[in-house]
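Per-chain numbering from 1; labels A, B, C and D assigned in written order.
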Amino acid sequence: MSDLERLSFSLEGPLYKRLKLLCRASGYSNRSEFIRDLIRARLVGREWELDQEAVGTITIVYDHHVPQLNEKLTDLQHDNHSMILATTHVHLEHDRCLEVILVRGRAGRIRKIADDLRRQRGVLHGNLSMSSTGRNLA
Amino acid sequence: MSDLERLSFSLEGPLYKRLKLLCRASGYSNRSEFIRDLIRARLVGREWELDQEAVGTITIVYDHHVPQLNEKLTDLQHDNHSMILATTHVHLEHDRCLEVILVRGRAGRIRKIADDLRRQRGVLHGNLSMSSTGRNLA
Amino acid sequence: MSDLERLSFSLEGPLYKRLKLLCRASGYSNRSEFIRDLIRARLVGREWELDQEAVGTITIVYDHHVPQLNEKLTDLQHDNHSMILATTHVHLEHDRCLEVILVRGRAGRIRKIADDLRRQRGVLHGNLSMSSTGRNLA
Amino acid sequence: MSDLERLSFSLEGPLYKRLKLLCRASGYSNRSEFIRDLIRARLVGREWELDQEAVGTITIVYDHHVPQLNEKLTDLQHDNHSMILATTHVHLEHDRCLEVILVRGRAGRIRKIADDLRRQRGVLHGNLSMSSTGRNLA
């Protein structure tokens, strides 16, 4: 890549030592990569704050014996089909299913889909993981 | 189900009104389900605090052109294959991939896998969503 | 109080048992109080989401030897004096101070003050704790 | 200070531009300070994860008319007097008080005090803000 920028900054000695320990403890062999990842994590936070285009992973655990739940969950996904990238289903136990729904779109819309899924009767737990298209991170 | 328990509790009038508004604003038609979901969310938090059996969804965004990254990500998953339920891959853009890895096992082990994946060079963002087998939630 | 409302809801047996264990583990002797606290915590979350009147506690740790930092921190607080309820100062070590600033006002305004304080050079750490006037919680 | 260390790292052009925008949007005039603050925030997270010496700010909102609540809150604080740096009290309304308790000690001990305070009947909301002695941050 021809467009690398070099950035340098100073750190007091003790903070520098702490940073080295922290990198190692976090399993990073490369200090630059560690700092880039700190910056990227903050950038992803901003994408969600500013309701920009984002990627979200919605994880739900549900009891598939609850009447009409399957239909409702499917309907909700179809209502938003243009935003849904993929859905993965795992049979956890006799009664319980795990479903993970990957969504791309405005952050606020993703949140809304997660809320809609999560509150259905029979959905025991629902979680939204805020990720990114990566467009601003490379 | 023969084993339903009835639980009743009192609320001061204004708090009761707030609860009603909150249920409606959250899109719940059923107040009991709302309260059950509050309890379940706390239970899932405990499973993770106490390092119990849990389910985690790891979402990573990465640049698949980074040399050897694919191999490393695959190796890491194979090293933990007994815990990994499923992996879903989405091609986000020309360079960037989204991968979602569903893991079941002790909470601390799931965290470790997430950290290992996230810090690889070329992984632009990594997130862990703490979910549950649902065993304690029904 | 004359205006207590009674609310009752049903729980599947195993979830009921889990709730009892959770209450005990959390040190609550009273199950109703535990559930009321779950509801209250969610209500406070809403106050902040909806940018309503709230109370925030801003904690900063700083090095008071950094030139002009004291003046800047004082100025920032005076600019918002009508919202600031109280400030407590603790001398942590020879160089470092802890300051805790209690703020009442619109949630967004409190966030802004926290950000303004936190980014000053010499402020080593800043944190905002989202609390409430309690008006909706009783 | 004689012991400044200089650290330099490279960033791809687009990520560099994003970093500049993020600094500006966050109100930082100084990019180095922004990065140092990212590192410090992560270090504070580690202090709490590893149960090291930390500083915590506990904010509680309570109804001081609840019988014996004042005594219980005072007792709890006296039981931990060696860790408590200062307490600030604000009369929010006729019934409600805000109390902010600054605690220094092992992270796990601070959490325990926060939990003990928060679950008292009459305490409407309790929050723990995880801060630092700043020893590792300068």
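In the analysis below, contacts are C-beta pairs under 8 Å (C-beta built on N, C-alpha and C of every residue); 3 or more make two chains touch, one makes a residue touch a chain.
A quick note: this is a predicted structure, and the numbers were derived from the prediction, not measured.
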Partner chains shared by chain A and chain B (touch criterion as defined above): none
Cα-centroid distance, chain B relative to chain D, in whole angstrom: 26
Chain centre separation in whole Å, for chain D relative to chain C (CA means): 10
Junction residues of chain A - those touching two or more other chains: 40, 137-138
Chain contact topology (line, ring, star, complete or other): ring
Chain D residues touching chain A - in the complex, by the definition given at the top: 1, 3-16, 18-19, 22, 25, 31-32, 35-36, 38-40, 42-43, 46, 136-138
Interfacial residue positions of chain A with respect to chain B in the complex: 26-28, 30, 33-34, 37, 40-41, 44, 55, 57, 59, 61-63, 85-86, 88, 90, 92-93, 95-96, 98, 100, 102, 104, 115-116, 118-119, 121, 124-125, 127-135, 137-138
